[in-house]
Structure formats: structure tokens, C-alpha cells
């Protein structure tokens, strides 16, 4: 890590659903090669932040930059302007609103997993990963239909298989994805995300539902793939041991607001965090 | 592994060849008057249309109800392009022979039928495919009705003959006399083969991903609109070709018969065969047509067994029995005949693939 | 000019009111089950046939309530037999079942009636001719909007001020939570179908007094149009459905007045597509966001 | 359960294999008994059945054959007509009679032509039925003739401006409407044309337009379902001009609609019950007796014993078929097809010989008036076209 380059930057992101403000003026950044964790109590707006990054939601206000390039920029319109009176309201006035669809954002190199696992349920584990290789195809409908892309097809299959091996699911390649145990489904989601050749990986509660031993293994695994695939990792997680073990930096959200930022040590000692978050008995 | 794959391929080809031979043989044996031949022809036509609808409903998970509209476009394109010059004055009796003053061959006309249907689909798809689920269903249904209204519009009567019948174009029986079944099997076979190639390509996998989970598919970099549009256009192309074949089978053509009930019938075939199964749609088409046109026809006429008049039998009873059977399938055999598997996948082990229908 | 348009306007209001009564059934069922009840148009047709057969031997005072009862029984039965077993199935399955029911009802009616048009009986006080300005019309044209508005107001009161109405609103907002809160979902759904069918029965009396021939497929088109009206008004909103239906009824007739008869049906669908594209929640619907 | 269904399916496959009896000739009856034209189709079948009851056998090649009617319902729909026709053909009929409604006839024509089975159209009046099909003959007059007849009659009633109303998508009405327009404009009249769509319920606006346009006659060839509504509405508006239509309006539905109302309804048709001819009189009395004997048949006739023109035509159609069979001296469809053009038969609707298109040379139509007081059709006059 010679020089710090930021990969992802959120600037004044606000996300409002009707009258509910899910995220309030959130700014954060993730640098190249880092593992950054986003923590906070349930309903703090963590997944919403992910959805703003991946294009599922269009933020009400603010901007998201990926490698310095805007991927979502919006400013409040209509009666919302009043709520953002002042500098914030006018900050993005001059910029044209930009909203990329999720698939384009994935194509730029951001891949994600889902909190409530979203595997392709009628497909096998192997097919799930294979589908994700579709993004980097060079064939068109014609060459694909008439099998003029055999070499590429073989490469896709090899890549999918090797990713399954990476996550330790080679044995289960032909099992129906949804018939796998929970932990393996989470790994499969990671393999599938990796198949899109990302530079930034967003993990939404990768350890949810795992026992302490599995969680430890997952931590090692995340570090391992980060190094192997040259990734930057941005994750939401509730398991504090995992977060403290592997994160370089941590952001804490509460009620849609960022209440703290820092290294694991700093966060552990931050009184605001302790009050708002760690003080609450978890699960 | 590879040897088994080859063996399977050879087996499939033999199977297809056997079906073709059987079709040909039946027609030679029982002659063109026989009801079996009728069922084989119409069944094959419906098979193509059902597979094209299954591509959307079963493989991409788009609940589209516009099939009758695209069939209508295909059927009219074919008929308009192939009516012999000599007969145009008579067919377009109220429109001074019509605008189109040339004819093209059967095969080019069929391809044109598919292409024009595909163009319509591409245009309709732009607004409609943004809609979800049942809204898409009702919007496509609406478009099919709009297409029907336009075709019947008097102002373009010189093109479409308005609400009057189109006739005298080449029909199944006079394209390859005595081999009508073989002809329709060939065309349908090629079309279904193409659909299978697409389904099993990387694009087909992407379509199935959209069916299973749109949000996850999009997060994997699959452009929803692009792939949906692609499937919609492909499906409509083959629905158009299917419409052309239906026109050939019927021998006469009227926009009035392409109502939403036609789409419903095809949807029911798809469901009976199994959403997401090409072979299921094909099998269900033949069963559906055979049952409705042939096996159950006796229910429509009074029957005397000795002196006893069998009760209930009267015109229309056939369709009542038939729709009850369909409801039983819809309610109790929701996976249909094949579920989402293919005939050639039976016996291949592939996880526990049960209980799913989408 | 106005005198030219008046008969079209009257026809539009009248037919719009009749669509409204059908649309109520659609919008309520959709609001609760998220199901386009494709069979609703056929239940409407069945109500027409009930009247044809009942009035042959019974006086209107008996046959009118009996028709409503029979229609309600039919709607209730359809829900219990064809939709209830599929409660946990994907929505597409229920919709396919609805299409299947529609197919079955149409074929059944075709069989029972021989597919011949049946003459609808004359209902006292509705079929008489009256003059309004330059136009002549039937009493039913005047009765329809009044009755429709009265029924819709009554229904809205029912939904806003009774226990079952509250339960209905709860179920339509969140099916699962309502179930957890101890609301008997199946009862609520049954009541929805009962109200919808009763409205369709009243609608059929008004509709067939104008259009005096009942055929097995006659309900399909009004059914679809009523659904469009429900979407237009904002699915789930009963006053929305009524206003949507009136707008559709009137515009359809104005299009006829403009000499574009061929497109009067097509217009309805074009309107639907426009609404779905530009205001998918309709005139009075609420916006919802899908959770990821 | 699945096995049970498989079994049921297997049993169903076996059922259609009915045995063919010896010495039976089959005549296909290709008629709608359900759908829009169901009522008319049933009356046509009655005529055929009555004829069959009078002449149930035929002698060919010195051997007596039983004539069996194979009735298939084409549901008044062009797409269903195709499979109904195929079903008839597959049952080895020698000749086909029908259908009421030109659309179904045209749709079925191709099937008959391909199978080489001759068909005799009974009341289908569209020229294309025979023009576009070499295996179709017909025993009634054609729409151009009928349209001209009604245009002439409209002129005789003193009309100068006609309002023509037809249903979109209906072959018969649209066609007849156009021929009426052609003829009426040729006679120097003025025409306003309008269409309505299937399922239209309110004709108030259309009739208003007619009145506003200053029409002094309305020509509305359409299915009886709509006819009843139009008559109803015309009476409600108190229109003074007469309503004219083609042969479909000769139906008890029209009589019921017009009964007791102040409307003038005229239609053209093929036959008159009160025809003086001996053959016609005999037919009428015999047919009425036959209807009254049999409650089912009477119901099919609309519950009364009024003789519809299409029944008379059906009667003639059956006898023309027998004549052709006799001339061919064979039950082979090809032989019958060859013999048909030479048939010269005089029936209850007049003499029938075929021209080069396969159409009967008929030059006379009967114009009838739906009498609102008696609830019956009054014969007005016979009308022919001289050109």
C-alpha cells in the first residue's frame, strides 16, 4: 500500500422513504485494499446505504463516487428542498443527477452479497456462479446460441468451478443452491459475487447465522480472498469479534446518522458508540 | 462424461428422427382426412406457440399475455404476403384488390411474419417491460387487443382486408401435398431447436436468473431490460412464425379469432406442460389439441346406448369436461406434466429439484 | 354540438357507473390478495343468466334479491375452491387459476345456454324511456350513477367504520402482520368476495337492462375494462375505482362520437398503459417501495 | 392419481374408434348450434332433419342405402369451423350441407376442398363462399343481389338518404352493407356509414346520428342480438324512418323485439311461408306438423311453429344433395362433386340450377315486414333486380 487511493466515497447521502429518513447525511470513504466495516443497531440504515451504492435505491440527496467517478448523484427536489435548506440543498444543484442501474454498477466493479440470501433458487451451486460470469462475456446472442463461443463458454465454466473450489464448495457443485446449508449458501453468494470480477466487494452480514467457529473461519476466508483477488472489502456485520478482527476501519451508524468512525481500537473506546450500540446487549 | 454426453446427443437425434418418421408414417397411412393428422398439425403449431410463450413465462418469469396479438401479426403478415395475385381482387373484394401487389414465397413470408411480430414486440417492449408482474400481464393483454383493433380498422382495410376473412394463401396441405405433417414438424422442429439453443446458452442462463430473482440477477450485472426485451422479441418472433403456421393450418384467417381467450388457452397449455419445460409444452400441446379436437368430441353429440340416452351430452359439454380437467391440473398438479425439467433430463441426477414453481 | 354529444355523454355515464360496480370487486380483491380476479367478469355474466332464468318463474321482488344471493354464493365458492388452496403458492399460480376459472365458467355457461343469446327480462322502473333535453334514454341511465355513488359511499363507510372494514384495511396493508395480529384472513377474504360479487350482481342488472342480450362471453370485455378502471383509479381505492370507471365510460363514448368506434376498446388499454407508465399507483393509490 | 389420469386418457383415445355400419351414406351437417348464429343454424338443421325424415334412404347402384346425418357444431366461429369441418371430413361424409353464416362456410371451405368433399351452402350469402372455393356450391341468392334488392326497396319506400350500420369484424354484415351502399348510391341515394364494436349495448347514439344526418331509412344487417337492441332503441326514440336488413333478421327475436312497438322493420329473405306453390304449401304444412309432434324440435325452432326461410332452404339443400348423389350413382365425394353442377332440382324455394361459380340461379327475394301487432312476418312483395 504505497499510496492511499479511495475506492468508494459517499458524500452527504440522504435517503428518505416517504416521511422516514433512513439515512441522514452520511459521508464515508473506503480506500483501496482496506476492509471497512459498517456497523450499527438493526434499522440503522446500513443495508440502505449498500442499496444506495449498488443502485437499488436512488439517494434523495448526495453523491456516491467509485474510483472518483460519480455513480449516483442527486439533489432534493420539490418540497424536499425545504428540509435540506442551506448549503446541502444547493450542493448538487449544478451537477446533473446521475443514477446508474445496479447492473452497470456491477459492471464497473462493485459486487455484493445480500443480507437475506438471494441465490437463484432453481439453479445448482455451479450454475449460480456460472450465471454471474455472463457479465464479462464477449459473445452476443447469435454466437452464443449457435455455440460459436465454445472457447469462452469453457473458460466461463472453468472460472465458475475454480471459484467454487476457492470457497470450498466444489463437492456441492451440482447440488441445488437452496438445498445447501446456511453457511454454505453465504459462501456461494460470495463465490457468485467474485465471478463478476469486482474490485470492491460489499458483504451484507456475511456471518449472520453462523456459530463462533464458522465465523472465525469466515474472517480468515475474507482476508484470504481479499488478498488473492486484490479486493477492497466493505461489509456490514453484527458479529463484533469478526469486525474487530479483520477491519481496518469501522463506521458506526445509528438512526441513519454516522455517530463514529475509526480503527477497531478507537471504536471500542468511543463513549458515544458504547452508549448507543455496544451498551445494548446483542442478540 | 463426454462419452455419455455424446450418447445422449445421439439418442436425442434418434428420438427426433423417430418422431419425424412417425409423423410422416401416420399421414401416409391414414391419409389427410384423418383426425390424427389434424391433431398432429395443429398440435405442432400450438407446440411452437406454447414454447414461445413458455420462454417468457417459464424461463424469464415475465407474465406476458400478449401472445395472441403477436400471432395475429405473424398470421396476417404471412397471409398478406402470400395471397396469389390472381386471387387478390376476389379476396379484397371491398378494397379493390388491396394495396399489396406482389407475392413472396412461403418461407420468406414466414420469416417476415416472425420479423414483423418481433418489431412490434420491440416497440411494445420499451414501455411495457418496465412493468412488474400482473401489471405486465394486463398491459400485454391490452396491447394484443389494440393490435386486433388496428388490424380490423377500416382505413387500413386495403392492407388487412379489415374485418373480413383472408383466404387463398398457400396452406399446409398444398405446400407439400401429402406431407403436411412432415412440413409442419420440420418448421416447428427448427424453431424449437433454436429456442433450445438460446435457452441453454449463457443468455438463457441469464434469463433463468432473472426469473429466479430479479434483484440478485441485476446485482450480478445482468441488465434486466436488455435481457427481458431480448426474450420478449425472441418469443414474439416465434409466436409470429407460429401465427403464420396457424394461418396455414386453418386455411382462412380472421382477426376476430385472435382474442384473449386464445392467449389463455396457450397459457393453460404451458401450465399443464410445466412452466420452464420445453418438452412439457410440446407434450401438453399435443394432448390439449387431441383432447379438445378429437378425443372429447363425442361429448358434444347425443349418444344412444341401446335405448338409453346418455345424459348431459350436448354441444358444449366437451369444453366443460375439458376445463374441469384443466382446473384439476392447475389446482392439484401445479407443476404440470414435466415440472421445470426436460424429457431428456429424466434419469439424470441433479440435486433434489422439487417443490418449485414460479 | 352539445345536443350531438349529449346521448354519448349519457351513455358514457351510464356504462361508466356499471363498470364502477364491477371495478369495486376487482379493486377490493386486488387490494387484499394482489390477484387480478379474471373470473370476476364471468361472475358478472353469471348474474345476468341467473336473472334470465329466475325471472321466468318468479316476480322481480323475489328474483332480484335471489340473483344477488346466488351471485354471492358463486363468488364465494370460486374463492374457496380455486383461490384458497393456493394461498401460499406464488402469485402467478393464483392468477393462472383465475384464468382457469374464467375459462371454466365461460364454457359451463356456453354449455348450459347453448351459446345462444338470452333475452334479459325487463325490470320494472328501469327500462322505461325518458327524454333528457334532445336525447332519449332509459331510466336506468339516470338510476345507474345515483345508485353507484350511493353504494360506493355505503361501502366506504362500511370499510372505515366497522370492525370487518378495519380488518380489511389491515389485511390490504400487510397480509402477514394482519394474520399475526389475529385477524381471520379467510373470513376477511370471503367478505371481500361476497361484497364484490354482490356489487357485480347489481351492476349486471343495470348493465343488462341496457344491453338486453346475455351471452356466455359478454362479461369478458366489461370485466377487463373494469379492471383497467380499478388500476386507473389506484388499485385498492374504492372511490378511485368509481371515478376511473366513469372516466373510462365517458371517454369511450366520446371516442365513438368522434367516429373512431374501432378504437373505443383499444383506447381503454392505451389509457391503462399510459397510467401504468406515468403513474403506476393510479389516481388515488399509495406508493410502496420493494424491500431488498 | 396420476396413473388414474393416464388411464382415463388412454380410454378416451379408444372411444372415437366407432364402427362403420354397412350400407350407410353420411351427409355432413356443418352448422352452428351455439354462438351468435346458433338460433338460425338450428332452424337450418331442422329443415335438413325434416327432409331426412321424409327421404331417409337412397338407392345407388341398385342397392339401398340409409342416409345418416352427421351434425357438427361450428360454434359460429371461423377458427372453430376449421376443426368442425375436419371432424366431418374425418367421418367420411359424401357431401356437406351448411353453414348458416358465410364466415364459417368460408373458413370450412378449404378443408372440404382439400379433402375433395363437395359442400352445399344453404343460406351463406357472401360471394366469396363459392368464388374462392371450388368445392362449394350454394342454393340461395348472394349478398350483391340482396344488397341491391334492399337498396331498390329503400328507394321504393321513397328514401333518399340511408344510414348504414354494421358490426366491425362481422363478415356478413360488413359485406352486405357495402353492396347496399354501392347499389343505393348508384340509384342516386346518399349514404352515411357507421360501425359498432362487438358487445355494444347502447345504440341510442347511433340512431341519434341517423336522425341528425337526416336519414330516411336505416339499413342495419347484423346479428339478431344487436338487431333487438336497435329496434328497441328506435322505438324508444320514436323514429319514423323504416329499419331494413338482410336475411338474418327473419327471426323470432326480431318479432319479439318489434312486438307492440311503433317501428317499421323490413327484411329480405329466401322464402315465404304463405307461398302459393304446391310444393311450398305441402312443405309448410308437413313441417309444421313435424315440429308440433316433437317438443325438442319445436324448442329448437324458437318455441313456435313459424317456418323460417332457412328451414325451407335446409330442406331443399338436403334434397339437392340427394339428387347429386343419385346423379353420381355413388357415395364417392369426387363423383358427387362432379355430378353437382348438373343438378336441376325444383324445391320449395324455387328452381335450383348452378352457374359457373357454383351459385344457384336465383333472381327473387321475398321482402317481409315484422308486424308489431300480430307478432308475425307479413309478406310484402317479391323483389328482383333487372340488369
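Letters A, B, C and D mark the chains as written, and numbering starts fresh at 1 in each.
As a convention for this text, a residue touches a chain if its C-beta (ideal position, glycine included) is under 8 Å from a C-beta of that chain, and two chains touch if they have at least 3 such contacts.
None of these values were measured; they are calculated from a predicted model.
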Central chain (distance from its CA mean to the mean of all protein CA atoms): B
Result of counting contacting C-beta pairs for C-D and B-D, higher pair: B-D
Farthest chain (mean CA position) relative to chain C: A
Centre-to-centre distance between chain C and chain A (centres being mean Cα positions), rounded to whole Å: 47
Distance from the mean Cα position of chain D to that of chain B, given in whole angstrom: 34
Length of the line joining the C-alpha centres of chain C and chain D, rounded to whole Å: 37
Centroid distance [mean C-alpha coordinates] between chain D and chain A, Å: 73
Shared interface positions of chain A, touching two or more other chains: 56, 114
Shared interface positions of chain D, touching two or more other chains: 33-34, 168, 195, 198
Per-residue overlap in chain C, given as positions that touch at least 2 other chains: 110, 114-115, 262, 265, 292
List of chain D residues in touch with chain B within their complex: 1-2, 9, 12-13, 15-16, 33-34, 71, 73, 77-79, 82-83, 86-87, 89-90, 92, 103, 106-107, 109-111, 114-115, 127-128, 131-132, 168-171, 174-175, 178, 195, 198
List of chain B residues in touch with chain A within their complex: 194, 197-198, 201-203, 205-206, 208-209, 211-213, 215-224, 230, 276, 340, 349-353, 356, 358
For the chain A and chain B complex, residues of the former touching the latter: 54, 56, 101-104, 106-107, 111-112, 114, 118-124, 127, 130-135, 137, 139, 141, 144-147, 149, 153, 156, 174-176, 179, 192-193, 195-196
Chain D-facing residues of chain C, complex: 4, 7-8, 10-11, 14-15, 110, 114-117, 119, 129, 135-138, 207, 210-213, 215, 218, 221-222, 253, 256-257, 259, 261-262, 264-265
Residue numbers on chain C that touch chain B, as the complex places them: 34-36, 81-82, 85-86, 89-93, 95-97, 99-104, 106-108, 110-112, 114-115, 217, 220, 224, 227-228, 231, 262-263, 265-266, 268-270, 272-273, 276-277, 280, 292
